[in-house]
Amino acid sequence: MIKVMYFAWVRERIGEASESIETEAATVSELIEELRCKEPRYNMAFSDLSALRVAVDQTLTDFDCPLADAKEVAFFPPMTGG
Amino acid sequence: MIKVMYFAWVRERIGEASESIETEAATVSELIEELRCKEPRYNMAFSDLSALRVAVDQTLTDFDCPLADAKEVAFFPPMTGG
Amino acid sequence: MKISVQAEQFDMGAETNAFIAAQNGMGAIVTFSGIVRDLADNPMRYMEIEHYPGMTEKAIGEIVKEAVSRWSLGDACVIHRYGHLHVGEPIMMVATSAPHRVDAFEAAEFLMDYLKSRAPFWKKEVTQNDANWVDAKNEDEEALNRW
Amino acid sequence: MKISVQAEQFDMGAETNAFIAAQNGMGAIVTFSGIVRDLADNPMRYMEIEHYPGMTEKAIGEIVKEAVSRWSLGDACVIHRYGHLHVGEPIMMVATSAPHRVDAFEAAEFLMDYLKSRAPFWKKEVTQNDANWVDAKNEDEEALNRW
């Protein structure tokens, strides 16, 4: 079980802030493919990966990142702090 | 008559903050030569011109600056504000 | 080394004075504060800032640690708000202290550049008619290249 | 555009808040303050700052005018003290406001670099045993070359 979190417009498009997912995905990319197949709202949220960023266990990383032992994966647009 | 002012260690070496001087000096350099001839304390204060800065009528300038119409000439070390 | 991620307003002047009072032997203090600006075309009702609790504090902590390792600093402070903010309110501040001004300035700019693009905050501008997530700017991403 | 050359202490926090309160539509505020540091080897009794009344205000005014012409600023403020100052007291501050952070930062650094070497102030450090005029640093003169 992995906790998957969504922020900003990713959260709004998917319609929830977080969910627990049973997955065998070995990488972030594989997890994204699984999610896109679930429902159209996921497919839409993940349609342009260049507009998305990912953090695994609260560390910013890229889509190749392996998920072995990962507890928390978060998807969000580029950050706009400051 | 020109008002000549001294600041920081130039003031301390010469022993006064300002004086009025009757001069025909055409430039700052000529004024300095006149002052150096006055008394040893002036000669000492002006012995190393690379350690001095000059302002004519409250504007930083260089030793070639003409004194025609000048009302106020000030000598001081490099500034240390901020 | 104060890091605070908070919903509450804060008083820039009071935070500045508290930061300065805690310094010892530091000749240079730099502060930056970001203020909510109104939109050019459409009055903003409020700004909503979302963040990623847990990761936010961790990311800011790492950015501050990096600044302290790169410059000769006495101290650094980061305060960043989330939630509902109104026009004119402070969004965030950073403060740095150093023996000399170049370190204090550079470290403050470094902190700001990284907080902009690497701390998990997202701004939404809410007007009478609509609500838009603020787009990240290319120039903010490019600003990281100078460090 | 506040410029003050004064003997009196000032309150950094209060000045920062007053500066921010006077802004309109500015997203970025930068402040710098310089604090009297003690000497490494010898406790300082006080710092004496001499200045050139008249020229000081004029020189600072020209430096501020130059900053306003070079960067997109909302406002700028310079406060600089003279006379007797004690360790830990603020010597001076600058504040800048701008729509965007890069302008506010660069203008504040420009103001500091020019105030250091082009405003007629001279610092003297007075200890129990002696009193020394602070030497201008080559690096401060060189800092002007980047602008």
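Letters A, B, C and D mark the chains as written, and numbering starts fresh at 1 in each.
The rule we apply is simple: a residue touches a chain if its C-beta (ideal position, glycine included) is under 8 Å from a C-beta of that chain, and two chains touch if they have at least 3 such contacts.
It should be emphasised that the depicted structure is a prediction, and the values quoted were computed from it without experimental measurement.
Shared contacts of chain B and chain C, meaning chains that touch the two of them, come down to D. Chain A and chain B have Cα centroids lying 72 Å from one another.
In this assembly, the C-alpha centroid of chain A lies 26 Å from the C-alpha centroid of chain C.
Rounded to whole angstrom units, the spacing between the C-alpha centres of chain A and chain D is 48. Multi-chain contact residues of chain D, defined as those touching 2 or more other chains: 34, 101, 112. Looking at chain B, residues 82 sit in touch with two or more other chains. Pairs of chains meeting the touch criterion: A-C, B-D, C-D. Considering their complex, residues 5, 7-9, 11, 55, 58-60, 74, 76-82 of chain B touch chain D. Against chain D, in their complex, chain C makes its touches with residues 11-17, 20, 23, 25-38, 90, 99, 101-102, 104-105, 108-109, 112, 143. For chain C in complex with chain A, the residues that touch the partner chain are 34, 50-52, 54-55, 58-59, 80, 91-92, 112, 115-124, 133-136, 141.
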